[in-house]
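Next come two complexes, and both contain chain A; in the first it sits with chain B, in the second with chain C.
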Partner chain A sequence: MQKLGDFKLPPFFNYPPYFTLQPVRDTREKQIQLWKELILDYCKTQKIFIIGLEEEFPLFANPVIERSLTHEARETFLSALVSEGRAEWLDKGRRKCLILWHRIQDWADIIVNFVKDNAFEDGVLTVEEIRSGIESRGTELYGLDRIILMRALKLLEHKGKLAIFKGTSTDDEGVKFSI
Partner chain B sequence: MAGDHLPLAELTSSGRPVLLPSEIECSFLSNVELESENSANFSVRLKSGLLILTTHRLIWLPPNPVPPGSKGCYVPLAAVSHIVSKKSMKSMFASPRLSFQVSVGPDGRVDTKSLVRGSRSIVMTAVMRGKGDVDSFVAKFWENWRGRAWERDNEELGSSSSVKSGHESGSGSGGFDSTGMRMVGVAGILRREQEIWESTDKSLHDAFQDLNALMSKAKEMVMLAEKMRLKLLSGSSQAGAANNEEMGSKEEMQDWLLSVGIISPVTKESAGALYHQQLSRQLADFVKFPLERSGGMINLIDIYCLFNRARGTELISPEDLLRACSLWDKFDVPVMLRKFDSGVMVIQNKSYRDEEVFARIKTLVTKPDTLRMGISASDAALTLGIAPAMAKEHLLTAESQGLLCRDVSPDGFRFYVNLFPEIISDDLYVVQHHGVYAMWNTIVSSA
Partner chain C sequence: MRRRAGIGGLQTAAAARDQYRLLGENVAKIKTDLMKEQLATFRSQLEDFARKHKNDIRKNPAFRSQFHEMCAKVGVDPLASNKGFWAELLGIGDFYYELGVQIVEICLETRSHNGGLINLQELCTLLRQKRKTSREAVSEDDCLRAISKLKVLGSGFEVISVGKKKLVRSVPTELNKDHNEIIELAQGQGFVTVDEVERRLSWTSGRAIDALDILLDEGFAMIDDGHKDGKRRYWFPCVSSIASTVNTDA
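Here is the complex of A and B:
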């Protein structure tokens, strides 16, 4: 089985038409579906949060059959993820795409569970501690993209479960939980 | 009924008259009535049909759509004993008429052999109610009747005198001699100018005479080819299970000869307003053979070339071809024009089914090599025995129906069998045991 790093590639990764944007509707829908699944799977296992359209992305090329996705195809597949809420464009020019293999709501739930597990229900943590502290090591939160984390925290703040405040040092923000 | 008295005209499936070996159509008039004078046992009343003048016959065809019981028939020019030209003041108001005497045998039938004893003459009249150049029709009628082309048929082919004699008669007008009378002054200058002009005219005329000779030679060639084809045809049926190789070369020879030419091409000059209609019918007859060879569908461009090659000197324009094809909708012909989404136009049999081609494409793309490498339009063209442009159309149609999908890369544009429907999106790693996806997977992973 072909691999990309430690990621196992599906058999159809060697099927040349998989890399050409199909013009026929039914075929194209299925193709997009397969790409969406594969992108999410890959990003999840490799902990990739942002795909730059103009940068090299290993999944978008198959050197074995010498095929790669065109810019149009990449944008099409990522846009399909965006329309399902599984990704977001970070800029108007659609050059960077945030991949949400967990939706923002799911990330918020993970944060709540993390806070409960570590008995921080009324505690205070910095944003940076949540994504790289000792407690988060070994959880999905470890190494989480800051943009996604902030979105999830804002969602929780909106629900009254925490308050975000500026810390004394300017380089970080603090979070006061009240779950 | 007309058929009782006049011989019936044999028609092709597209409704064009079947012509005699060296017969040529010269002029067409629509909306013509053909009737005879009242007589004891001879009566013809044919309403508003198409009148075709050929070198051998005057053919009357029923209008379109054909009224029940109405059939095409003809008067052999050989049976015409006299042409009556009527030019009266009346013709300014009434429809133009053309009368001629026809010899009728004792049995009340128009006689092909005008010298049979006991025949009598009947006056027949054609009333031209339609628009069209009646004068030129009448002139042609005279010309053809005097030309007696039917007599020449009986002579041996090789004798070139038969061809020459037809043209010698028309060339007498150039020799106008200047009687030696002395002309001076302005009149003299004018006279000299006239002479110079006439001599130029004569040399031009001679030049065209050569061209005519060339064209009649071309006609001879076509006739020769036709004759040889018939000989080969009868020869091969007799030989039976003779030498296979010989048979092959004979067949090839036949094909060659068959594609040599159309003896009587429909021209604007002969058909006038009916040009496209007649061209359309002739084309429908013509495409049958090339269609058969190319599996029921052929590119319009290919037909354009083949058709014009067969016509030889009377070339048609692409627009004429297109118009002729579009008119097929209106006639009952077995062929049709088809336009693909890409704009490519083809001619195909009405009985043609895409499914057959798709079935062939399907077998083609599931072969081990094609499973792995896909096929290009030119590969498909070779395997299916069709033109690359057509092969591409078929592949694109098959793609649009979900049978194939495409692969565009620096290597080119290729098609693969469509595996997408078989791939399960819930589990990307599953390959079901049966199906094309499994076949493909085995072949690709073993390579």
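Here is the complex of A and C:
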């Protein structure tokens, strides 16, 4: 089986027609489904948060069978993820896409658990500490994309579980939990 | 015999006819009895044989296939009824019904990929993967037998021969001769192009495109515009070996 680093590629990745958008509805739905799963799976294992449509991305081309996805196909697959809440376009031109292998709500839950595990229930952390501090090492939060983290924090703020404030001594924003 | 005149003559003739008929019936009865006896002997022999080689029949696919052949020759169908002696003796009915159910499952699982047309070899491979816990080996012959039992369901399960390969069709779509020829052609490389179909089968381009469009609509084919020669390729998952690795756990 073909691999990308330590990632096992699914068999369909070696089947040329999966790189051409299929005209027949049922076939196309199946095709989109397979690509959606592959993109989410790959991004999750490789900790990739943003896909640039015009940039090189290992899944967009398979040199072994000399096939690559057209721009239209890339946009179709990512749009399908967007419509399920598993991705978001970062710009109107749809050139950059945020991949949410966990939905924002799920990220928020992970943050809550992280806070509880480390007894920060009414403590203060900076945003940077959440995504790169010692406590977050080895958790899914480590290295989390800042855009996603902020979305999740805002969601929790909205629910009254924390307050985001601008720090005085550092440039970074602080988070006061009240879980 | 000279015909004699009068009532006496007629009576004699009638009596003679009765005698002949009686004799004929007796002979026929004796023959039938003899035949029945022979069949009974044969059946009991066959049963003895089956009992003796029960384990071989259950475990060895080649042996099983030969046993089936032998049964077919004498008009015994071990699969005919699950309640019958054969099923009790061999558990063979259960074996094939189980296979049948698993075949249906595989066909459903792979349908979105291959449109409901699957290579018999591939089906067997997937069947073996599915049954890896069970000890009995499964041959293509077993698959075919199980599929033939599925026909009673009227679900449109059918084995079709295309070129050298056997394909199992699990959707009601009928394939005509043109479609079969295209799929046969695709067995070479896994795909065909319109040009190739026209050239190899000496068809007009309209005929080739029509047939390919139908195969596409039915989900038996997928297009591939990505080759550098710019020619559209029509791939057939049912003949490509890559399809055999398609994830069936999904």
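In this text, the second predicted complex is superposed on the first by the 177 of 179 C-alpha atoms of A that agree within 3 Å, B and C clash if a C-alpha of one lies under 4 Å from a C-alpha of the other, contacts with A are read in each partner's own complex, and residues count from 1 in each chain.
Just so it is clear, a residue touches a chain if its C-beta (ideal position, glycine included) is under 8 Å from a C-beta of that chain, and two chains touch if they have at least 3 such contacts.
Everything numeric here is computed off the predicted structure, so don't read it as measured data.
In this superposed model built on chain A, chain B and chain C take up the same space, so to speak, and clash. Applying the stated contact rule after C-alpha superposition, one finds that A:Glu56 touches neither chain B nor chain C. Contacts of A:Lys8 after superposition on the shared chain: chain B is touched, whereas chain C is not. In the overlay built on the shared chain, the residue A:Asp26 is in contact with chain B and with chain C. Of the two partner chains, chain B is the only one that A:Leu38 touches; chain C does not reach it.
Once the two complexes are overlaid on the shared chain, A:Arg67 sits against chain B and chain C alike. In the superposition on chain A, contact of A:Asp91 is made with neither chain B nor chain C. Across the two superposed structures, the residue set of chain A contacted by chain B and also by chain C is 10-12, 14-17, 19-20, 22-24, 26-27, 30-31, 66-67.
For chain B in complex with chain A, the residues that touch the partner chain are 374, 399-400, 402, 405-411, 414, 416, 418-421, 423, 425, 428-429, 431, 437, 440-441, 444-445.
Those residues of chain A that touch chain B in the complex are listed here as 8, 10-12, 14-17, 19-20, 22-24, 26-27, 30-31, 33-34, 37-38, 41, 66-67. Those residues of chain A that touch chain C in the complex are listed here as 1, 10-12, 14-20, 22-24, 26-27, 29-31, 66-68. Across the complex, chain A is touched by residues 112-113, 115, 191, 216-217, 219, 222-228, 233, 235, 237, 240, 242-243, 245-247 of chain C.
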